[in-house]
Amino acid sequence: MSENTAVAASTTMPRAAAARATARSGSRVRLGWLVPTIYIVFLMVPIYWLLTMSFKTTNEILGGLTLWPHKFTFANYQTIFTDPSWYMGYVNSIIYVTINTLISVVAALPAAYAFSRYRFLGDKHLFFWLLTNRMAPPAVFALPFFQLYSAIGLFDTHIAVALSHCLFNVPLAVWILEGFMSGVPKEIDETAYIDGYSWPRFFTKIFMPLIASGIGVTAFFCFMFSWVELLLAKTLTSVAAKPIAAAMTKTASASGYQVGLLAAAGVLTIIPGAIVIYFVRNYIAKGFALGRV
Amino acid sequence: MDKTWNNRAWFMVLPVLVLVAFNAIIPLMTVVNYSVQETFGDNVFLFHGVGFFQDVLTSERFHSALLRSLAFTAIILAIEIPLGVAIALAMPRKGIWVSVCLVLMALPLLIPWNVVGAIWNLFALPEIGLLGRTLNGIGFDYNYTRHPVDAWFTLVLMDVWHWTSLVVLLAYAGLSSIPDAYYQAAKIDGASRWAVFRFIQLPKMKRVLTIAVLLRFMDSFMIYTEPSVLTGGGPGNSTTVLSIDLVKIALGQFDLGPAAAMSIIYFLIILLLCWIFYTLMMRNEEQ
Amino acid sequence: MARIDLDHIRHSYLANPRSEQDYALKEVHHTFDDGGAYALLGPSGCGKTTLLNIISGLIHPSEGRLLFNDRDVTELSTQQRNIAQVFQFPVIYDTMTVYDNLAFPLRNRGVPEADVDRKVKEILDMTGLSDRAGKRARGLTADQKQKISLGRGLVRSDVNAILFDEPLTVIDPHMKWVLRSQLKQLHHRFGYTMVYVTHDQTEALTFANQVVVMYEGEIVQIGTPADLFARPKHTFVGYFIGSPGMNVMPVAVEGRTARIGAQTIALPGAPAAQAGSMELGIRPEFVKVGKEGMPVSVRRVEDIGRQKIVRASLEGREIAAILGEDEEVPAEPKVVFAPEGINLYASSWRVEMGA
């Protein structure tokens, strides 16, 4: 197996798609893009709504329906950027979410490989048990989690939230990765060993590129579920590691329901996730570039 | 695939096991503890056996909430899974539009759930919301704060808007890992578009689809924040799904015992249904 | 069955190729005879897969035309070309039974069920899969799956050619031999035009009537296995074929002698032309180790059973020689080049030596 072969295969593939595209009947392609387009328009309308709300004053929002801000204002964003209790929320969230995503994916990779390639005592039960950890309603777990992490002195730290989110993210990562790994034939592993690859080198240089789309999807989902998780993040933090979602609950307090501020905060919450998916998009869309073995 | 028997694989699984078990077992024990003990405050607990469980299982209120949750989940799955797969199939595989599509589709997933609820709360208001005004303008008498049917409609629409992209992303990633050679071979064999879907794409997507179905099932069954912010369970209790009911009992009445018991029952229901789903969908894996 | 003509075909993966280097496949003009078994042999990246994909329709060539039985198929899609292709890894329909897998191409074309049954049974028999006909295709071994892939191509009677893209890659070594023999039998029996891509010379030499050796996008030689072995037209062919490959060493040629270092070698004839760097090629089989000739220092002797390979150094150049299993290397080893095995190359291409 050599790098040349992978290059040869990857240069074949785009041609393949191009040839297929031209050979395809014209009408199918014309209608084909309509579906995703309609869907995306459907998705964008409420987001546009959110965006406009963030540039309006609360009075304008609650006063009546306006399709765009009549009184354009940056005040909402100003508050967020200048008030530490707001922007630190973002920083904290990003920190613990990144830690969690890293831990979850790194721990899940060998485990998923084991589930995919080997049979061992209790494997099927273990696999299903992992998923059961996503099945419990969070509300009642808040108190026990608080007690647990306080007891080990990790209250109000980023690592506490990152670790606690492993409860639902690690099983998800294992499940998704296992699904993709099972699509790679075992023969590839065996050929690599015959060619003299050690396991770590095989895993990083040959295997991981083959499940690239799975890794991309997994990383994104771990990021996403950790980012939006509100209850545990609020429970396990108070000041130092307070996440943005908790900061947002401030908007429904003393001065009434500050919708504009909430909207601005909401808009800003979308951005880190959008960046993440932008970076992993290539992994998700990557074809199964079967290199020559 | 042919898996080799190798008990040393446990070492590869160990980090995962530690991370999850640490977070799962201790809290679980606490909850079980609460569910079988009565308290009258002041940290005095008395063993109450399965009393709370019986109360919950026989309560009318629980049954209604359960039914609503089941109905909601069924509708959600019936819409989101086929829709997500169809969109994934129609998406471009290469080129600049792929990035655009993926990023845009992912945006609803990234919004904190309370914000999602808040957006739709305002968006659907009959007077000042874009959706509400439009629907009323067309001729529907639409008000989700008053009519249960409208509330359900809005709730379902919100969830579809929020979560279908999850199915799309998973399905798309699954489709992307099908080697080109399969399509090529299908061409050579003269297969129709439907045959390609049925014999190549669908089987290869089976694993990811299972994950998508299970994820959506669990999350829609446990849904709390969005409906809570959107309708608060109303009008009346027409959208009071299980978790909303649970939180009302736990936090509203601060009855740890019944709340814990309800959580366990809740969890067991999900467990049972997931297990059924999983077994059905994975039935063919073992030869 | 069809004759395949490659009419001045060239292919570049770049949109605007400017120099020769930009072409992954340099000009190919060749005919694959109807019913011939051809191997496209070469190292990775040499262009053999590109050529195969042009024939199958996966790639549209930048220049040139492709003809099947004098019919221009360059613009036709894969499906319309009626070819069958076996890929590097088994491509089967997991959810169908073996029988249905084989029946699939026929049913898609609307063949009556009775005919389908007949043909499928015939192919099942031929590939030895009859006892598995009703089983799900998913649970089979790799070689059985490849047979199904192959069978799907054979089951159609209108197939113009069968293309193989390194099909034995995922097969166990001992099954490789079995499958190769079966492929050869199939060819004898049915006479399909078969084009087989591989980087393994054993596969190529045992399978094909004619081997097309490719290197860096060019066809360097087409010939029978014997031709390639005895009269390599390019140093690469000499080096690639045979185990160990041909010895190639730079020499200075004067008339009928070649000089390497301090040694002179008599050539069978004066070379017709001398352009660029000259090299002498000789197969280890034609290098005789004995007490006379040019002195060498022996570095290693490998015993491979029926023969021994002597790795030595001649005037600072690596050289290999074959020794019979009972022969010994003398104390002061010397080598002689048998004249019938001497080849001369100018800029890597063979030059004829006149009488």
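So that you can tell them apart, the chains are marked A, B and C in the order they are listed, and the count of residues begins at 1 in each.
Basically, a contact is a pair of C-beta atoms (placed from the backbone, for glycine too) under 8 Å apart; a residue touches a chain by one contact, two chains touch by 3 or more.
Predicted model, so just to flag it, every value in this text is computed and none were measured.
Nearest to the common centre of all protein CA atoms is the CA centroid of chain A.
Taking the CA centroid of chain A as reference, the farthest chain centroid is that of C. Averaged Cα coordinates give chain A a centre that lies 48 Å from the centre of chain C.
Between chain A and chain B the centroid-to-centroid distance comes to 16 Å (mean Cα coordinates, whole Å). Each chain gets a centre from the mean of its Cα atoms; for chain B and chain C, those two points are 55 Å apart.
Contacts with at least two other chains are made by residues 14, 16, 185, 290 of chain A. Residues of chain B found to touch two or more other chains are 179, 181, 184. Looking at chain C, one finds that residues 58, 77-78, 88-89 touch two or more other chains.
Put simply, chain B touches chain A in their complex at residues 1-10, 12-13, 15-17, 19-20, 22-24, 26-28, 30-31, 86-87, 90-94, 97-99, 101-115, 118-120, 122-123, 127-130, 133, 161, 164-166, 169-170, 172-174, 176-181, 183-184, 193, 204, 207-208, 210-211, 214-215, 218, 222, 224-225, 242-243, 246-247, 250-251, 259-260, 263, 266-267, 270-271, 274-275, 278. Interface of chain B with chain C (complex): residues 179, 181-182, 184-185, 187-192, 195, 199-200, 203, 287. Residues 13, 24, 44-45, 49-50, 53, 57-60, 77-78, 88-89, 142, 166, 169-170 of chain C are the ones that touch chain A when the two sit in their complex. Remark: chain A residues 13-14, 16-17, 20, 28, 32-36, 39-40, 42-47, 49-50, 53, 61-65, 67, 103, 107-108, 110-111, 113-121, 123, 126, 128, 130-141, 143-145, 147-148, 163-164, 166-167, 170-172, 174-176, 178-180, 182-183, 185-186, 211, 213-214, 216-217, 220-221, 224, 227-228, 230, 244-245, 248-249, 259, 262-263, 265-266, 269-270, 272-274, 277-278, 281, 284-288, 290 touch chain B in the complex. Listed in rising order, the residues of chain A touching chain C in the complex are 2, 4-5, 7-8, 11-12, 14-16, 19, 22-23, 185, 187, 191, 290, 292-293.
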